[in-house]
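What follows is a set of structures for review.
First chain A sits with chain B, and in the next complex the same chain sits with chain C.
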Partner chain A sequence: MPLSIFEQNAIFGLLIGGLYGLAAVGLSLVFGVLKILNVAHGELLMLGGYAAFWLFTLWHVDPFMSLVPSAAAMFLIGALLYRLLFARLLYAPDDLKLKNSILIGFGLSLVLQTAALLAWTADERAVETAASGAVLPVGGVVVPVLRLASLGVAFAVLAGLHVFLQKTRWGTAVRATADDVEAAEIVGIPVPRVFLGAFGLGSALAGVAGALVSVTASVNPTVGLSWTLKALIVVVLGGMGNIFGTFVAGLFLGVAEAVSGFVLGNAYREIMGLVLFLVVISVRPQGLFSRE
Partner chain B sequence: MTGRAAGVLTACGAAAAAAALALLPRATDNQAVLDWAFLVYLYAALAQSWNLLGGFAGQVNLGLAAFFGLGALVTRTLWLGGMPPAEALALGTAAATVTGVIIGAPCLRLRGPYFAIGTLAVAEILRITVGNALPNVSSLPARMLATYRLAPRYELALGLLAAVTAASWWLTRSRFGCGLTAIREDEGVAEAIGVHAFRHKFAAFILSALFAGAAGGVYGFYQLSFYPSSAFGPLWTFDPLLIVYLGGVGTVLGPLAGAAFFLLLREALSLRLGDFYLLVFGILFLVVVIAVPGGFMEAIRALGRRPEERTTP
Partner chain C sequence: MPDSSAALLEITDLTKAFGGVRAVDGLSLRVHEGEIVGLLGPNGSGKTTVFNLVAGALRADAGQVHFAGRRITADPPSRRARLGIARTFQLVRVFPNLSALDNVAVACLYGRERAPSTALAREKARALLAGAGLTRRVETLAASLALGDRKRVEIARALAGRPRLLLLDEPAGGLNPTEVDEQIALFRRLRDDGITVMLVEHNVRAVRTLCDRVVVMHAGKKVTEGTPEDAFGHAEVVRVYLGRA
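Showing the complex of A and B:
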């Protein structure tokens, strides 16, 4: 029955799309606040994936339970990387800041990728829990339980981030800094700490996304670049600095990839996203779901 | 000494150096040395071609591998199909150049990070497509292996490097090159003083694509066997980028110094450290980008100045 196969593909796409959204929000947050592009975002996601894998494999910690401690650890790692690599860029002119951040991000991704390869080999790693094969039948299609749970976690994390940014004092400081650094400094916002926190938060979001990736798919040392590209595509589709726009764009990309993989053959699903990206940045650089 | 006289002197010195290097295959039979020198020329040529756009005009192109890969793929396919090497190389270079013309205009309309990521996306699209369409390894047939000699490939790579270095040197002295530099420093001001920014960037993009395609073609003759998609891999963009940043962005000699250092270090590290070399490499790259933003050429220049003139950038 081709129709139900089509629907099944679309559902899988929707479920993976939530992770695209989550991966992209961290990147978007860092870009929006610090005005730097961290092309090693995918490598941070990979680290989160390995954290979940090893916590589960060595100590049988359920990956959904380990999300909070590994997010905290990724926050600290992110803060450290920021201090070591990115902090001195901040007062450079925007143009130079962006260019150098891409170069630093590239060097960082090379280091993290090689370190992961040396430490954990090139094997594909995936968390296989008791619930891994479980599915919920819905109509003519099935919904894998763990992927549904991951989508739920992704949505909950983004909702939490939304509340943090909109309702708390620190969230307001982050938004103010993103809007205008100088004005934020004048009204007494500790801008260096906001930068540090935003980069740490972006890394933590990448870590959570990576843990969910290791549960629903798999990680290996070289997954970083393709996740960075996916996150960039989603950020551009959703429009910068728009959390729910980014999440919706993630779902959209997931479905678009799954459908094109179904229609054109699976080998071409990656290309669909890249082509979509090029089309959108050419005709609508402010994003598909942005109101500007 | 006038500027013109200094220029003539520099050109004579460079020609003498190139001629001396061209005689190296006659002076030594040591294949390891020739092979190393070949790779220095290839990487330096690729770095030089990135520098034409990235260094002089300040446009970070992360899709250089697309042109390198196309040059390698087209040249190799035509050559193995029986075409004489010179024509195959010319058509491979043309394929990369035409692709540069086609994608240059839409890519250059993108600003800042969008240009960098857009070009990376183009290269990835080509890499994945070529990997799907041509999944088999491309090896030289036995009859070609029997007559394989390194010396002509060495001379070809040296000639390519000389050509792209001459182009780069021309940029430092011509009106066109000044226009590119003005765009790098401030595009708005450049436009205001009458530099047509888009035309300048587009021409530099095409020139860069042309030389990267030619470098790919040389690689297509040189490599005994490779997957066609591997020549489109992101490392063919990032290694030249690393070399340019090591040597000095927007300088003529920087990519040459960077490439020699890069390959010396790679040989030394991969012999001693095995798999660890990429790790050391990445850390080195970070140190250079953060601590010596101008690369070797800037460091040398800073040493040459009197202490009171020295400023930390």
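Showing the complex of A and C:
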């Protein structure tokens, strides 16, 4: 039945789209606060994926259980990378900061890719738990349980991030710093620490996304670039500084890819995202879900 | 002459150059607790640069800044804010994507007196905004406020951390006479609350009615200082400041 196959593809797209959204929110947070583009964001995601894979393979830690400790570890790794590589850009003029951050990010992504290749080989790695094959039949379609759980986790993480940004002292400081660094310093916000924290948080979000990728799909040392690209497309679609807009844009991209892959042929999957990117950036550069 | 140890802010031989231009050139001045001091001078005489050096947005090339007896010349602005220096900007600078409430609440969270929780910070911010006549604008994004309201938010934000010294850069700029009167009344109340105020202002009426003392600058140097009456009567001040012979 072609309609249910269509719906099935849309469901798969929706489920992967949640991960696009999660990956994009981390990238967007770092860009919004620090005004740098971390093109190694996808490699941080890849590291999170390997963390979940090895914790499961070596010690049988359920990937959903290992999310919290590996997010914490990714926060620390992100903070360290920020200190070593990006902190020096802090007070450079905005355009210089952006350009240099992209150069540094590409260097970092090459290093991380090569390190992963040397350490873990080029094999595709996926977490195969007892629930891996389980599906929920819904009407004429099936919903894979683990992917549904991943979407739920992604949504819960973003809801948590929203509460953090709106309700806590540090969250308020992050929003203020994203708005105006100089004014943030004037009211007493320790801006360098906010930068460090925001980069760490962005890395932790990448790590969580990576763990979910290794559960629902697979990781290898070179997955990073395509995830950075997806995240960038989603950030442009959703508009800056809007967590739920970004999440919805992720779902939208996931469905658009899956449906176009199904209708036009698999070769058009990737093209669809890039076409959307070009259309949105030229017609509605503030993003689909932005308030302005 | 007040005792030098009582000075809340003490600037000594302060110098800052941009390229070859000395925006502030060996300036020394003192501001005592509870005073309202006006910083006057023509455009480009270095007034805003002095504010930037005191608040920490710029680092001095030479000279010292002492605040409440402690040297702050090399401290970052956030530290100076926590010590009790607050400021407003010539071109009003609120957090555009934060609500009026959060603009003020964030300063309650990080100022000299840190609110113990965001809930309490918002409560305090609500009271400050009510005091500024903005009760109905609390949830509005700062970017959508009118200029006068944005200035009120900025001043409320500056007061939120309970500062000891408030630097106001042209607070009356762009306001109508009624709003200027409101501001004069507000700044008087602030002084009564024990907040020391230093302001850059071109509105002569505001300066005359508000300032205990004025410091007149020209080309980064102090021309004279004294009561507003003395200063405006000073021939040199009339020449450099008002541009008349």
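The rule we apply is simple: the second predicted complex is superposed on the first by the 292 of 292 C-alpha atoms of A that agree within 3 Å, B and C clash if a C-alpha of one lies under 4 Å from a C-alpha of the other, contacts with A are read in each partner's own complex, and residues count from 1 in each chain.
Note that in this section contacts are C-beta pairs under 8 Å (C-beta built on N, C-alpha and C of every residue); 3 or more make two chains touch, one makes a residue touch a chain.
Nothing here was measured: the structure is a model prediction, and the numbers come from that model.
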> Is A:Val142 in contact with chain B, with chain C, with both, or with neither (first, second, both, neither)?
Replying inline: neither
>> Between chain B and chain C, whom does A:Leu232 touch in the aligned arrangement: first, second, both, or neither?
In response: first
> Is A:Ser282 touching the first partner chain B, the second partner chain C, both, or neither of them?
Replying inline: first
> Touching A:Asp180, do we find chain B (first), chain C (second), both, or neither?
Replying inline: second
> After superposition on the shared chain, which partner residues are touched by A:Ala115: those of chain B (first), chain C (second), both, or neither?
Replying inline: first
>> Quick check for you: in the superposed arrangement, does A:Ile189 touch first (chain B), second (chain C), both or neither?
In response: second
>> For the three-chain arrangement built by superposition, which of chain B and chain C touches the greater number of chain A residues?
In response: B
> Given the touch rule stated above, what does A:Leu98 touch, chain B (first), chain C (second), both, or neither?
Replying inline: first
> Which partner does A:Lys167 contact after superposing on A: first (chain B), second (chain C), both, neither?
Replying inline: second
>> From the superposed pair, tell me which chain A residues show up as contacts to chain B and also as contacts to chain C.
In response: none
> Which chain C residues qualify as touching chain A in the complex?
Replying inline: 55-57, 76-78, 81-82, 86-87, 89, 93-98, 102-103, 105-107, 109-112, 117-118, 121, 157, 160-161
> If you look only at chain A, which of its residues touch chain C in the complex?
Replying inline: 167-169, 172-173, 175-176, 178-180, 182-191, 241
> Taking the complex as given, what residues does chain A use to touch chain B?
Replying inline: 37, 85, 88, 95, 98-100, 102-104, 106-108, 110-111, 114-115, 117-118, 225, 229, 232, 236, 267-268, 270-271, 274-275, 277-278, 281-282, 285
> In the complex formed with chain A, which residues of chain B make contact?
Replying inline: 58, 60, 62, 106, 109-114, 116-118, 120-122, 124-125, 128-129, 132, 234, 238, 241, 245, 275-276, 278-279, 281-283, 285-286, 289-290, 293
